[in-house]
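There are structures below to look over.
In the two complexes below, chain A is the common chain; its partner is chain B in one and chain C in the other.
And now, the complex of A and B:
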């Protein structure tokens, strides 16, 4: 398979597809960063088919998730729930300083009764705040904690840069060796765009600031390593990639990868932050190796905030030049990614918009002495959406155009129909026709004001060929579907079972999904919304092969050829004469004691890629207090075949909630002088609670394509729509998230002064 | 948290016996009293205090009594916030107290948290709460919030510490003219609740109230408020659960649309519940119209000195005062 990294503006594949091949857009983790790439895949459309949707019983219907009862009753075993004989608890010590060296004295910690092992985790150089530097294993978590506090860490602190201003200053302390400020884009010639801007009828500009967001997984990062000496180990990991674990763990345990089994029964959230074993997992393996005992190591919440990744922040300075009709003729921008010691995901400006416009974007990153950003749900897109959707509304107001009209004018031809259809549906759902402020914000003096904002999203969401699935049918008629894949809470187990049940004419509860184990068939890591489009075609293929194999066995019983058979509900019958049938149990009884095993691989034609969605938000602003209340959010999304309407709806709602929280609350706060992370807890790092959640309406478009991942598209537009709705409601454009009352009040004051 | 011994005495005599002596200022944190634990547990886990002994008050009979009297209400220190919130006759006579109790934290916190604990809780300032930041509240030399990230800090009464008092109940109880009953080794004493809280410039900067090391808050007495209408209006950044950015406890007596008596106390803006006496006086004799709201708002915030990141608290507090007065005008 050919892989071509996708540049920001790559609308088309790099070259025409070879005969029998086609190009799809997929997301892959490249050096730990989600990157969209074009992938050339087989265009073979033979083999299994999803079939007509109106005939489906389970797939494309709303099915409660099969592991729901386990999760809500606490029966579900998450990695952090694992308890093993002789297990010890470990904790990691993090660096108190952002930059410097540290010398550790471990003896006092080792002397504490119950402390079993203390290890240093790096060579004493610290280059980001909170970097794990030591780990302690003890008989209880409390003693492990005491052990951490007994470690004597002597720091030689060096000047640090924890803010972009500090890092970009003259004579700033160095972050790494690549330079604190790095320009990543190659094009330095903006003359064409400058000319176009100079000739533009109107110019609109602004600088948008985007804080660092945290994944805030409820289950923190960590593993339980079951190693008791010998040449085998099992790692219970909270991970997005079952198969990323054995190789990493084997190195730390001194074993071969095939001697390590990874188990991911249930995991409590990843959002892009859990792709490798990590520093914490590595420490757990080293301690297990040292002690030859099972080790439980999950990060505490403060360490989770300091050292488990984040969504890169950013600063976007954008200027658009418009013609008299409101078409953007030029966009000039400087995009700064703030990924700590990491580079940060690309923020793809100008996000979707800018049809025919001349575009010049300087893309750079500024490094600080803070934890590297990691992929986070829709990497780069929510950031790009925030500034670009804001710019679009400012362009509308500058031109006196309706907020939908400015989008119609500036969407590329290839996407205009899709997004305008979705935007207009959102408008209808949220009451846009009755709204009085379509082309200018409400600047009246009333106390309670209501505004509406819009935003759109796109995502690849294609699959790839990494999944191998097995379907087993036993002599007693029981059915299992096996894949090593992990379920991030997205409903993977449920569609594994429903696809097989649908194919074999069974009820959902007759198929047992078994996943999350590296001894089962390989599967891709869950990144870039690629799990469903990669796994579901493989499941379908395996189920299809199981059905054909069973037909081979059953055909002689009915005196027909295998291809004359079809499944009915709980039976196999002759297609032309359904009364000529064998019940499922009787059919399976023909299998020997070994039963039947069928394999499945990815079928490109059962998946597709490229999703689009639009969202709108209705917001009330209280001008006396600055209170922002989101009254309503609506979403319209396309995403190919819906594997489970109920879980897709949940995905979309979850994305809207996460975006609302990003917009209204979330922000990492580090004191620039002290170098202290001030809100590494769930009190001060605020996340939306139940009272913040508005009425949410979700609609899916009828989309004839195959399965596409849409989880990331869901999280991209919400905060941008809210920011635009605030501006529409009261005239205040908040350029920096989070969108809080204090900024509304300051903005209203500035508007009053301006008159 | 550090290990400690745990005791549950059954009388107040035993409680105060376990506490340090009245002058043991430096060692006072060796013993901590435990009520609902909603603040203390956080302090223990973050190692902000490392007591040798924790004294649970729950074994002392009578501390959780909530008693209506002809003269008002007696509210035991261990009465839960939920009990205050749910008491319908208290809500009728002292609406602002029930509303304040109901605005604290989350349902779980209100079920567990107590009146005494709420009044005696330590600041939420993120510098104070960060173990590594040895600020003036913790015996250090400076208030890091003063020149630092002070969005949530004081605009009134600050210096040398700029915390805001985190209690929601305190402004409402001060507005109600409550008194605090305090028990120490030498016996009981009574303090007006308004005098219970101390500004950092007046009392010990590391404390927020007048309690001596040997003392414990036992009860709050609230006078009857016949003929008064009151309300507590709190602004939270996150309404699901959050401390106040600013809050107003307002109580009024009205006669024919004109104010005859007034109490106005702000929360979330100063190191103590901030009584606005000038504004109270100005309210008397006035109708509750927009102009009154404006004048009262100006007077209430008189002398405010915002820091770099909290000037918004001025319009916010004024807006909340206007909301509270408007609400009372139509109540």
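And now, the complex of A and C:
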């Protein structure tokens, strides 16, 4: 991922909007999503309208997802579930060394009965730990694994740098050719900020460390390639982007892109790591080409950890200068992001707060011999939130200010009202008014202590014009909505159906959503919370056009003009005289045998951008053991029109659980001497389980705007609020995640020594 | 499994959660040592050879065996290598393939592969298919064979107990077994029942709601 440093912090668009245009904030998809930009779009408000919310039956209500029954019965077909005639199973071999060359002896593997093909995956140069170097296809996965074990890999190992410390050391082994430590920011003059810091009434500083996190999707990366010779192939991919697959797959199969169909019926999690075909998909295509048989290649769990991306870790050294009133007047920082062989998501420091301060931030990237980081839900923001929210609380304690007051003072004017309203609501939900430690941590000697912490998030969540949607109405009254888009579990399939059903006056089960196929209308990849704001306006437009086309047919039956009609539940009637009506079935009977097909495109005025949310956490710390228990998390979020209250709530809570997991448990561990990934499994790489889920309350604000994506915002503040709550509970600031009991104990000991 | 970069595991692996107490002392990993085409050159573990040569016949550690599995109330003959896990037998050897049971970690740490063995939840990735001969296996497909949802499945739908849904079959199987034992199970008991199940989408709060709602509905119906 060659990505430029983030410029997401531009609070305002670059210039006023041209007549008939408006600005929205959009995440731009560049091989995974990393950059939010302002985009000028049409502000034409003609055409379809969402209409008054109180009149909605389905959209903005809580609707059980339409594919729920398939998911609870095991009928839902994930890409890894595809079983095809003659299908073979493939596995990949990872490089044992982080850096070096490898020579492969494949004959013994090929000789195993049941092994059908063995291929080398690269030219023998390895520059990151776990890089897939060979692939085996066999009649069963067990035999494919025998094949892997029979491959003789002779390594010529070279010195490596798998940790940032190793990579930044003098005479460190080189990672790539760009230098191990690269400064990405251009500005080198900090004198203005140094001056402001020197004059500040108070200075607060710290160095926050952020571990590398893994997406840990339960369905691993991979594909099933259905190629049996000839000039057509179908690729069942576990992907966030149906349309990111055919081009790459065609290349690997020696076909043209239009000869390859990508199918994504269901997929088991991506979180930013699943765009494009990838090494594993490429290997599967090559094996399919070789064998002219369907190939099933899903990464095993250990390889998934090694070679399927991660959220960039890093280190933030921040110093803030405050005036007497607690306002930050200067921020100086050094942000180091880890990208492996890639560049890492930018960590947007300063995050939200401190807009009026003088700011100097050095943005650096450190490369290691590990796989490239990829976008992960809210790329860069959870990292930036961790240090900035910590810094805010330290500023509060240094100034003796209430944790909410410090935020009020330092929020930018344009966002103060929004975030203070949300923070105060969170405070009310979590019992802040009864909490005794509002402007100083609890340093008492009690054993079980409870603290509260706050944090906020922002995200663009605007849409773009990539989606083309078709609505088909058949003569028998049945309705389909078609789009190539994919449903990651976000409820895409459900709102496709509910928007159409609402527009046509039908029940949800009367509309059949058909998605996840590249032969349907184009759609953007699902990253950066861009799917809902891109797709839903296009669906609405297609449904609107279908309704108008149907009105043309029905108007003569009722002896009125088409624009005198409206839909009621299961009928079309004259708006001025509802008793003058045609039942849905009879209306559709007027269509020819070909039925009716209506197209939809993006309608900028039905989407909006820019979401904000606040969260708070209540944490109990046992000062005898250091044990941290998150008792409660609350969230208040805005997000424009909620397409489905139920699935949006699930996404918000899901984000909070992921953030809790990030904060308390997750960390990739690589042995610096051996160059071994020590916890590439779910026993040693822990993610939050059912026992760790706190009491959760989420609220959505009434928000009159159009549809905005919010899934990223959900995951940004939780771990920061928890870290702040620990500090509030017992005085210990843990600067490095994960936030663990041993660090609490070390911190308590340090406090005791200080007296 | 294809952890080719690290040495074979030395420590013994955890047993399935329950349900196989009556079986010979045979763990999947121990069996692997003696099974597998490549590894067959090695020494067959003594514990394996003595007890299980008798149980499964002497010539079955290489190549394939035909066994009759009892899955979702129907007997089915499958031909597989003795090392094949129940999970892979379901997904890759049964006809039609039973892919509702998911493979996630393949080593007993996520619960996605949970099935019932004689009514008790087990990890099918930690159970050898041949070990289930003579026992009743029930998979997610067997809960609602005619398509109508069980009470728990209904409640999962009503409470949005799935996002991506990849963990869902495992949770449904684990909680079904819990509610079959005790429809009045408390939240604590429900959490205990699915404490071996991971959900990356963070759907646990809705899963708890669904489970408790199902418990209430089952009690109202008299526990059935």
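Heads up, the rule we're going with is that the second predicted complex is superposed on the first by the 743 of 755 C-alpha atoms of A that agree within 3 Å, B and C clash if a C-alpha of one lies under 4 Å from a C-alpha of the other, contacts with A are read in each partner's own complex, and residues count from 1 in each chain.
The criterion applied here is as follows: a residue touches a chain if its C-beta (ideal position, glycine included) is under 8 Å from a C-beta of that chain, and two chains touch if they have at least 3 such contacts.
For clarity, every value in this text was computed on a predicted model and none was experimentally measured.
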item: Which superposed partner A:647 touches (first chain B, second chain C, both, neither); value: second
item: Which of chain B and chain C A:691 touches, first, second, both or neither; value: both
item: Which superposed partner A:168 touches (first chain B, second chain C, both, neither); value: neither
item: Contacts of A:218 with chain B and chain C, given as first, second, both or neither; value: second
item: Chain C versus chain B, contacts on chain A by residue; value: C
item: First (chain B), second (chain C), both or neither touched by A:676; value: both
item: Touched partner set for A:96, first chain B, second chain C, both or neither; value: both
item: Chain B versus chain C as contact partner of A:143, first or second or both or neither; value: second
item: Residues on chain A lying within both footprints (that of chain B and that of chain C); value: 96, 146, 149, 676, 683, 688-691
item: Parts of chain C lying in touch with chain A, wherever the complex brings them together; value: 1-6, 36-39, 80-81, 83-84, 88, 91-92, 96-107, 109-110, 112, 139-141, 143-144, 147, 149, 153, 156-158, 160-169, 172, 191, 194-195, 197-208
item: Complex contact set, residues of chain A against chain C; value: 64-65, 67-78, 80-81, 83, 89, 91-96, 112-114, 130, 140-146, 148-151, 215-220, 266-269, 271, 298, 300-303, 488-490, 646-647, 649-651, 653-658, 661, 676, 681-683, 687-691, 693, 696
item: For the chain B and chain A complex, residues of the former touching the latter; value: 2, 47, 124, 126-127, 129-130, 132-133, 144, 147-149, 151, 235, 237-242, 245, 310-313, 315-316, 319-320, 322-323
item: Chain B-facing residues of chain A, complex; value: 96, 146, 149, 622, 624-627, 664-665, 669, 671, 673-674, 676, 678-679, 683-684, 686, 688-692, 740-743, 745-746, 748-749
